Structures are given as C-alpha cells and as structure tokens.
Amino acid sequence: MKLVKAILKPERFEFIKKALEDKGFKSMTVSEVRGRGEQKGISLEYRGGLMTVDMLPKLQIEIVVRDSDLDTLVSTITESARTGKFGDGKIFVIPVEKSIRIRTGETEI
Amino acid sequence: MKLVKAILKPERFEFIKKALEDKGFKSMTVSEVRGRGEQKGISLEYRGGLMTVDMLPKLQIEIVVRDSDLDTLVSTITESARTGKFGDGKIFVIPVEKSIRIRTGETEI
Amino acid sequence: MKLVKAILKPERFEFIKKALEDKGFKSMTVSEVRGRGEQKGISLEYRGGLMTVDMLPKLQIEIVVRDSDLDTLVSTITESARTGKFGDGKIFVIPVEKSIRIRTGETEI
Amino acid sequence: MAIDSGATAWILASTALVMIMTPGVGLFYGGLVRRKNFINMITLSFVAFALVSIQWVLFGYSLAFGADVGGLIGNLEYLGLNNVGMDPGAYSPVIPGLLYMVFQLVFATVTMAIVTSGFAERIKFSSYLVFALIWTTIVYDPMAHWVWGGGWASQFGAIDFAGGTVVHISSGFAALALALVIGKRVGYGKYSMEPANIPWSILGAALLWFGWFGFNSGSAVDANGLAAVAFVTTNTAAAAAAISWMLVSWAHGGKPSSLGFVSGAVAGLVAITPGAGFVTPMGAIIIGAVAGALCYGIMLWRQGKEIDESLDAWAIHGMGGLWGALATGIFSMAAINGKSGLIEGNVTQFIAQVVGAGSAVIYAFVVTYVLAVVIDKTIGLRVTEEEEYVGLDISQHGERC
Amino acid sequence: MAIDSGATAWILASTALVMIMTPGVGLFYGGLVRRKNFINMITLSFVAFALVSIQWVLFGYSLAFGADVGGLIGNLEYLGLNNVGMDPGAYSPVIPGLLYMVFQLVFATVTMAIVTSGFAERIKFSSYLVFALIWTTIVYDPMAHWVWGGGWASQFGAIDFAGGTVVHISSGFAALALALVIGKRVGYGKYSMEPANIPWSILGAALLWFGWFGFNSGSAVDANGLAAVAFVTTNTAAAAAAISWMLVSWAHGGKPSSLGFVSGAVAGLVAITPGAGFVTPMGAIIIGAVAGALCYGIMLWRQGKEIDESLDAWAIHGMGGLWGALATGIFSMAAINGKSGLIEGNVTQFIAQVVGAGSAVIYAFVVTYVLAVVIDKTIGLRVTEEEEYVGLDISQHGERC
Amino acid sequence: MAIDSGATAWILASTALVMIMTPGVGLFYGGLVRRKNFINMITLSFVAFALVSIQWVLFGYSLAFGADVGGLIGNLEYLGLNNVGMDPGAYSPVIPGLLYMVFQLVFATVTMAIVTSGFAERIKFSSYLVFALIWTTIVYDPMAHWVWGGGWASQFGAIDFAGGTVVHISSGFAALALALVIGKRVGYGKYSMEPANIPWSILGAALLWFGWFGFNSGSAVDANGLAAVAFVTTNTAAAAAAISWMLVSWAHGGKPSSLGFVSGAVAGLVAITPGAGFVTPMGAIIIGAVAGALCYGIMLWRQGKEIDESLDAWAIHGMGGLWGALATGIFSMAAINGKSGLIEGNVTQFIAQVVGAGSAVIYAFVVTYVLAVVIDKTIGLRVTEEEEYVGLDISQHGERC
C-alpha cells in the first residue's frame, strides 16, 4: 500500500474531492497546512515592525491506497488539481506497510 | 523504526492517551484533521446555498517506535479506540529510516 | 527521496527557516501540531474540574529532498533548532518513492 | 403624572443595555460548550430574544401586567399592546407606558436565554422553539405577575427590586429540571469536554456586567438617587463575588481561572439583583462575597452528583438568586428604600422573602419538569445520538465554525 | 427653545449606540467573508467611520443640512462646523446643535460601511479611500439633504423617520452598482466560499440590533412617547423578520441557520427604519414578517442570477429599505405621529413614498455606477488576481488572522 | 442644588459606557499578545476592574476626593462611602453623590487596565494582584486628588477635562517603568511574536472608542452643550489620529495596517481627553492628527531602543497624554469653556499644563519604578522561564484557547 500525500490549493478542494469520488476514492484525511514551493513570499507589517510571511495556506490530503490503485489516484489528483499556475501543489508517494481498521481490527498489508 | 499514524475520534483521545501511557508510550505528536471513511456525509447550508460537508473532525496521532514495540503499540491503540461504530478510525504503519533527537543530536536507526 | 519530518519549537521557526534558506532549502510544508516528548505535563482547571494538558504546541516541518541532500538538511535543522533544552524536538526520516509536481506533471523518483 | 424626559432617557438606555444581555448570555454559554455546538448555543439565546419579543407584545405583557386575576395572572386588557401607549402607564408614572412594556420585555427574553443551560449541546432545535414559547407563557409570565404585576407575592410583601426571583430563581431551577429530564450529554464525566473558546465567554460576561447596569439601575424606573444606589450596589457585589470565587477556588487547590472569575461575577450580579435598590454598598460587598463562594461550592456539589446541568445556570442563577432573595430580607436598610431586613430587626420581611423565593423554586421546578416530560414524550426534547455526535451546529443549523 | 437635559441625555446615548453600528457592520461582514479577508472587511467599515467623521465635520454636514439650494443640496453655512454650537439648532429645538450634527454624523458613517458589501474581498484599499470620500459627498450628502435637510423630497411630502431611504436604499443600491462594475470574485459560483467565522457575524448582528435602538428611537430627537414607540416598533419588526426568514428558509428545504436568523433580523431593522415613528407595534410585526421572507427571496434570486453582490446589502438594505419606504406609506397611523397611510385611506402619502423611494433608487444606483466606472478606469477599483488570491488581509494590510 | 434627571440619566449611561472600556482594553491587548497569553491578558484587565472597584468604595474614593490634606491627598471622610449618598454631592451639583463616585470609579479601573501593557506576557498573577492594589492606592488616588479632588494641581491652574494626566500619563509612564524593571520577554527582538487574533484587538478598540464618549462627554457631569462639545471633539480627534497614523505609517514604507489604524484611534482618544471640553472640533482635528503621527514615531523609537514596553501604553497613553495636556494649553478657547490657551495668547495656562503634566510624568514613573523594584525583590514580579514558555494562560490560569 501507499500513502499519497498531496498538497493543494484549498479552493480547488471541492472540485478535487468530486473527481476522486467519481473514481471511487471515498476515504481520505485532510489537514490545513501552510507551505511554500516556488511562490514568492510576502512581507507582513505588525505595528511598525516587519515580518515575512511566505507561507500560504494549503490543504493537505492523505489517502492510503492499494498499490494497484496508485496510478489512477495520482493521475486523478494531478488532473483535477492542475490550473497551470504556480502553487498548484505537489504529490508525494510514501510506502505503507500495514493498515488496520480499528472498528473490526482487520489488517491489510 | 516505524511511524504509526492513527486517525481517531477526538473524544476518545484522553482514554487512548491513558492506555498508551500505561504501556509506556509517552511521546507522541497530535494534530487536528478532518476525514471521512465510510461515514455518510452531511450537507451544510450557507444563507440559502448548500455545501456538502462530510469531513468530520478527527484527531491524528503519530508515534515513532522501535520495530519491537510496534505490535504492542498497534494493539493498544486498537483496543482503546474501539467503540465498534463507524468512525472508529484507522491505523497506518509507515517505515522510518532514521530518528534524530535535536537536543542531543543522537541518531537512531 | 526522503521526507524529513521535524517537530520543533514554534518560536524557533523564523530562525530555522532562515538557516534552511541559506542552505538552499526553499520548499516546505508546515503544520501546527501538539506534542509531548520528555517534557512534563501541566494540569488545567476548568470551572472546578481538572484536566491534564501535557500537549504543548509544536510546529511540524515537512520537507521532501533528494537522498544526496538529506544529510545537509538534517544537520541544518538540528543545528538551527538546538537550544539544548527539553522540547527542542525530533526529526524523522521517511522514504519517499515518488514526487509529482502538479503544475507540470513531472515526476521524480 | 407627566413624562419626565430624564427618566425616559435612562429607561430607553437601560432597555438597550438589558437587550445586549441576551446575546451576552449566548456568547457566555457559547464559549463554554464544545466547538461543534458553539453556533447553536449562541443561536438559542438570540432566538429566545426574537421569540419572546413577539410573544410579549402579543399577549405575554398582558398576562404578566394586566389587571390581577385571583393573584395568579394578569387579564387580557393589554392584548396586542392594546391600551399601552405613549403616556405614562399604570406601572410608570414618569415614563411612557410603552417604554415600561419594552423594558419588561428584555427581562423576559434574557430569562429564557439563561434556561438554555439545562439542555446545552443536546436539545432539538424545533422542540426548543415549542418549549420556549410555552415556558415563557406558563412559567415566566405568571411569576412576573406575582411579583411585579400585583399578584399574590407582592400582596404578601415579598420584595424583588430587579428580578432575582422572577428572572434568576425561575430560570435556574428550570434549567435544573430540564437537565434531569433530558439526561446527561453522551460521554459526560467520561470524555473531557473542552470549552470552545474562553475569550468569547469573557466577552459575554463583560456584556452581561455592562447590561446589568440597565437591569438593576433601570429598575428604579427613574433617573434619581435610587438608580444611583442600584448602580453602585450592582457593581460592588459583582466585583466582590468575582474576587471571592477566584480566591476560594484558588485556595481550594485550583488555579485562579478566568472562567472562575467571570462565573463569580455573574453570581454576584445575580445575588444583588433582588436587593439592588434596598441595601447599601457595604451590604453589597457581603452579598457578593458570599455569592461567589456559595455558588462555587454548589457547582462542585452538582459536579459531584454527576448532574449534567451543563453551564451551571442552577448553581449560579438558581442558587445565587435564592441567596439574593434571602439576603434582601437580611440586609435591606430603611434608609435606602423604606424596607428593613433582619439586621434592622425586621423578621417579617425575611419570612416574606423565604416564602416568596420558596414558592418560586417549587413553581419553576415543578412546572418546567412536567412541561419537559410532556414535550419529551410527544415531539422529543433530544437530538439523536448521531446528531449529538456531529454537533448541533451542523445537525441543527447546517453551519460550522 | 431651551435645551432639555433628558432629551440631550438620550441623544448623547443614541449617538454612542449608533456609533457602535459601524464596527458592527464590519464584524457582521467580516465573519461572512473568507478567512483571508476577515481583517480587511472589518477595517473597511472602521475606516469608513473615521473618514466620514472628518468629511462630515469639515463640509458634509453643511452640504446635507445647510440652507437649501434649489431643493438639491445644502449651502456652506456650516463649513467646518461654523455656526453649529452648544445651543439648540435649526433642526433640534431641545438639544444642542452640535449634538444633532454628531447624531447625523454616525448615520453617514454607517451608510458608508454598508456599501462595502458590493466589492467585498476584491477592492483595492487605496481606491476605496478615494471612492468613499467621493461617494459620501455626492451620493449620501445630497440624499440626506433631500429628506431631512429641507430638500425636494421633504417638500414633496415623502416621510422617512430614521433613514430608510437615505441610509438603506442608498447604500443597498450603491452596493449593487458596485458589484456590477467590479465583477465577480474569482471562483464565485465555482469554489465554495466558507464564511470565516460565524460567531463574529452573530456578534456583529447583535451590535447592530443594539445600536439600532439609538438609530430609530433617537430619531425622535427627544426622550418622549414617540421615542418609546420607535423603540418598540424597531424591536418588534426585527424579531418578526428574524423568525420569518428562519422559518421561510427552513420550509424552503434548508435548515434554520443562524446566519438566516440574523440576516432576517437586519432585514427587519432596515424595513422598520422609515416607519418606526409612524406605525404601531402590530404594524411592525407585519412589516418585519414580510421583510424577512421578501429579502430571503430576493437573495435567492440574486444568487440565481449569479450577481456577486457578495454580502447582500442590496437584498437586505436596498430591497428591505424599499419595502420599508412603501410600508410606511401603507401602515402609518395618524394616532402615532400625525401621518396616515393607505390603510387609513391616504393614497397621497403612498404615492409620495413611491416617488421618494423610486428617485432614491435611481439616483443612488446611477451615480454610484458612474463613479465606480470612473474610478475603475482611472486608478482601478480591483486588486490584482494575485492579491485577491492571497487575500486582502495580507496584500492590503500586511496582516493575517 | 437639586438632582437633574437628564444629567443623571446621561451620567448613569456614561458610567456604563466607561465600564465597558476596561474589558475593552483587555480585548485590545489580548489580541496583540501571543496566543498562549491571550486569556491572561484579558483577565488582567477584567480583574483590575473588580479589584479597583472594591478598593475604590472602601477607601480609594476617599483618598482621591475626601477633603484636601496639604494639597496631596484626600482625607478619610468618605471611608466605606460614608457621607456619599443619593443627594447631590460636593462634586456634583445636579447628580447624586453616589453616581459621581461610581463615575469616578470606572476611571480608576481603566487606568489600572492600561498599565498591564508594561509587563504583558510575563507577570506573575499573584504579584499582579498585590501590585495593582498598591499602585492604584499610591499612584492613582493621589494623582486624581491633585487634579480633581482639590489638590495642588488644580489650585495651580492645570486643567484636565477628562483625565489625560490622571489616567493616561499616569498609566503610560507606569507601564514604561514596569517594562524597565521586569525586563524583556524571552526572545524579544529575536523571535517573531505574532499577535494572537487581530479582530479581537479591533473589537477592543471599537469598544474603547464607544466607551470614550462616556469618558469625555460624561465628564461634563451634565447633559448639556458642553457634553455635546466633548462628544464631538472626542470623535473628531480619534478619527483624525486613526487616519494620520495609517497614512504616516503607510508613507513610511509600511502598509496601512488595521492595527496601525486602531492604534492611531486610541492615540487620538487619549490626546483629546484633557482638552475635550476646552477646544473646538477644528482644534480637535489638529490635536488628533498630530497625536497619530507622533505616537507612531515614538513607538518606532521605542522599538529601536529595544525597550519591551510590550503593547505601547507608554507611546500611546503616556506620550499621547503628554501631548494632549500641552495641546490643551495651546488650543483651549475661552468661548467653549472659559479657558484660553496659547493661540489665544494665554501663556500662563500653557505653563500650568507643562508643570501639571511634567510632575505627573515624574511622580508616576518614579513611584511605579520603586514599587516595581520592591515587589520584584520581595515576592517577585516575573514568572519563571518555564512558565513564560508554556504561556500564562496555562501556567497562571490553567486554561487555554
């Protein structure tokens, strides 16, 4: 199994979720993060002082899938998330050794 | 070493933490996430418009352990988190290659 | 590639970010987490009742790098984050199999 | 008599001040519940304001202040505000009758808001609307009549300057009855239930303190020395109680929490309410200091009994109001407003207070209990477990924060 | 005439009450936009307060209330508050002229704040300053003159107790014009745009309701029976509208949302504004109940047309104000304040209302539209797409929350 | 003389308005500190309110307003509010003596709240209680006596309409002294310290502006033309200063931040306080505009010196108050309230202002400094580094948000 970790524009989320659903990917875990890739930073002023805030809000989606579903999942995210501008985001694929459903205790490898 | 990533019901947290402590698992990192597994979605209304919010609040616990402790850790979480209902959560086990304690610089593999 | 996951003191962040920039590490994803390692817990009172809150705010930085950059990255974080006190944090290194840039679709392995 | 523009100015302002207390209760309560019920909790109070506003102008005011029928209830002479006009009215020699009506309206609304403590985080919204409408009609309106509308309690001699009995005992004991009928929140005593956002509770408490000046000082229904007395006793009792709760809970092994401080403040405001225009500022210090310690102790007792009267309307408003009613019978000074209490040797007044407050306790508790059971058996008081789990914000309002 | 201290006390208090409405609009709006524009939205309102405060004392008051020039505008007799003093003034027989001036000032500021709905989340801050200064001068000041300063509308017989036309129609239709000129937010109708923080919107609405007592009841410019009437009608209409919007949207397949409730409340407050001192409380119930349902329907219609008048100032203030102006021509009762409406058989008044409100709609919409286009073509109304993307908090103010 | 109900109505309302300023300071400050100290910062202000409320009725009022002892302090004639009653008092010919007392009370409380800027995010809560009680007694009470209670400053001819010297210079310079004694926050100048929640600061500032109408206009102790003047100058100076700070900081390479805007507003409110009832609205524009730019510059200077007077009470209240005291000696017009300033050629008044303000600066700074050192050496002012690290919310109150 793989953990697919995708860092995306928050405003594309509904759209991406829809695309994932259509392909049968229902389960996911989402968290709010901040990030920077190649986007330029912006500087913030606080009562006279300056601080640089180049960390823009992003949404991180994590989905664990069987190896056989990996390619479909990655391409579904890639296509639905792409706008062609900086900040479209990144996907990382990480190996998962085991997955356990707590309710039933069933384990998948 | 392994990273054990568990996505749980927030209200069970104190209970699970207690169980972990009893087994000697003190260290952990916790974050607030939203997720859906097999739970049904709920639709939200915003001044006349509708939006579907099926992402319910979850707590994600991440614990890095030695391989030898993995099974105890997973079963402790599974048992303490289980209520037998949908939404009990999932555990994922991910390989970790190295761990560094910043204060001392000591590295474990 | 590796995912370097570092859990740090929030107030050291600007400093660490600067150190990373100087070494050419621009991209990163940051999230707010709570954690405990060897720090002692603190107990909270809520209108007469007591609850233990030992989870202190931490910042988690995640950076994906080529294998060849791993050592520099880890040592940069370690050095810039170290204060020598409890709570300095931890770094975990996790294998990454693939990375995809959504804007262009280019994949690195 | 003729309208006095100064008195009218102050009661207009006081009515606005008391109005802000209802959302104030909502914010205070909202900050205390879990995040998933934050919006709902504020909304319950604000909806109470609107609902009771309409009920009051249609018939509530008449039931409370219409000509006395058997000591129990007012008649329908003021139905739809008939006969309530721009001139001074029966209860207000120097301000417009309509103004007195709306000043009383904001008391009725805030009482309803306080009650929502009893079923916090688990009430079905539609049932709440039904409950609120009936409760204000069969509990609040008669009780207001007894004390202020010429009913039996006033005839009997019980005094209540600004509504300790009518507003606080009634709502506090109603909340207790509701909590017993609706049952504990799922996980109560097992899960930790962290307050959504403490600064909101502090803001709510600040608005309550602010609005309470209108509540108590406005109850002089004039801009005069008595209004000034009530203003000063109110502030003094609140301050004493806030400090008292803070210190007692601190000494008792806890920390001087901000929620303890503001809870104490509210307890002090409640306790001084019936006596605000009868006691001296020094009396107010004692009333407040006792209220802070007492309500804190009662809250602990309630927690020990595992009664989920979730936001302590009973401990603070119910028991604080009861203490205030008795304290009025103890500390009233003839020099202030013509009434003597125990310390001036007047036992009769003290007995009148015991009887007045005691019957209020019983009436509010029993009628609310029965009403709650009836609603529960018919349309159901409580949301489903699933709805409670996802939270009332989403399940009842389709919103989240 | 001589100063009456009671009237003065009430108008001092009323002015403070109305003042809090401007930040109230900011909080209400702020909670509704996306998190990245939360600070900006509050700031737009608060800045409007400061900017218009200065404009008003320098020349705005004079343009609005100076001696009439051709029915259209005031002359410059009050420039820099010249001739506005501590004694009663031309418009205020029983309060200081300066007090009347500042009471009017807070009306001008809140109007400006309401307008910001139309370009929410996309206005360039520097252009906003320019726009606001010109708009209040060429739209608000003349319109205030027409109705209150002795201009043509008052000569014509149109009545507007507290500013339904001047404040609400003007700002609501201005917001619509602005929304059309500036265009939709990026992603409007495509992305979900979640409100930043609903409790802030509820707090904002509570402050609006609270302040509105000063707005409407203070418009009696005395502390008397009429002030009491306006106080009661205001509260009643707001309550009726809040419940009406909530029930209608619920019946219409939605949930009884807190935002629906408070939007309804604001609609009711708007609708009762022109008639607050002319209708009865029972009339107010009808005016409010219709307003809640009507504005909800108009909001849906707007959404259907995909017009991004983002925070519904048009639906609520514009159309609610229009309904209120007409309703004043329908429900006014001679017994209250000497004016009869349609239900007392007075067609003339109704026609005067139609003409008054109609011309306000046209003037506000057209002039705002032209002004917006001119500013857009010269210094540009809208931020860049990049700035809109990162949000106005960071891009315009260098702040975030 | 007899009580005037209109004046009484306005001072009752004003007292409520000023009361809300104390939590307002708390919210303003709370939003500016780091999240982990948010609750603590609000609580410090609110606790100040309660503590000083009790101190004031017990003996503070007597020290400040009792019969003069050597120009320095009041005697104990009003101990426990003895001889303070429902009738007009020595300081208030047309309102109840008790009302004047409580109006003064809310000034004393807000002063204490402002002081908390100096040790923000690092004060030990228990020590704060001790400090506050002593500070208000040995710094505030005498200073109030000098200016308003018949002490040497008033005998000398210094004028201070609403407390620029007593409230703002005293608290601002006290905060500076405290900051120097307690030392910088750990990491000051090294870590970025992001404000917890800017909207709360804006809300706090809005409540300050709102309450300040009671502060300044209520200081007329009547509802008359002078109250109207003070109302108008207050609003005008605040608006001018808000815009001025915003524009100057913008021109100076920054962005027009919301915090700059509200800081400017507070600076303007401070600066107009001593002259509110002596200058014209046009004078107020100048006073405000200068205040905004000046306090901004002083804040930058402080930051450059790396003095951690964390929330700029010194720059804004201290130096803004100093400017206001001098400005009163410049811009006062005899036509307003019988006092002439420099621009009417009256050098004496200006000198009196310099002497009055100067001695206030010295007294407040020196006494506070000594007191802070004494407390630091005995029970300790500052929390441990560990406690500072986890934050005062958890470490002092056992709460978090």
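A, B, C, D, E and F label the chains in the order they appear, each numbered from 1.
FYI, a residue touches a chain if its C-beta (ideal position, glycine included) is under 8 Å from a C-beta of that chain, and two chains touch if they have at least 3 such contacts.
Keep in mind that what you see is a predicted model, and the values were worked out from it rather than measured.
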So chain A and chain B are the same sequence; what rotation in degrees superposes their CA atoms, nearest 5? 120
When A-E and A-C are ranked by contacting C-beta pairs, first comes A-C
Chain C to chain F, mean C-alpha position gap in Å, rounds to 43
Hey, how far is the Cα centre of chain C from the one of chain D, in Å? 50
Please compute the C-alpha centroid of chain E, do the same for chain F, then give the distance between them in whole Å. 34
Find every residue in chain D that makes contact with two or more other chains and list them. 4-7, 9-10, 13, 192, 197, 203, 223, 254-255, 257, 259, 397-400
Going by the touch rule set out above, which residues of chain C reach two or more other chains? 14, 31, 45-46, 51, 94-95
Mind listing the chain D positions that touch chain F in their complex? 4-7, 9-10, 13, 17, 197-199, 202-203, 205-206, 209-210, 213-214, 217, 222-229, 231-232, 235-236, 238-240, 242-243, 246, 254-259, 261-262, 265, 280-282, 285
So in the complex, the part of chain A that touches chain C is made up of which residues? 2, 6-8, 31-38, 51, 55, 58, 60, 74, 77-78, 81-86, 88-95
Complex interface listing, chain A residues touching chain E: 11-12, 14-15, 42-46, 53, 56-57
For chain F, which residues are in contact with chain C within the complex? 36, 187, 190-192, 390, 394-395, 397-400
Once bound in the complex, which stretches of chain E touch chain F? 3-10, 12-13, 15-16, 19-20, 23, 26-27, 30, 38-40, 42-43, 46-47, 49-51, 53-54, 57, 80-81, 85-87, 95-96, 98-99, 101-102, 105, 125, 197, 200, 203, 223, 396-401
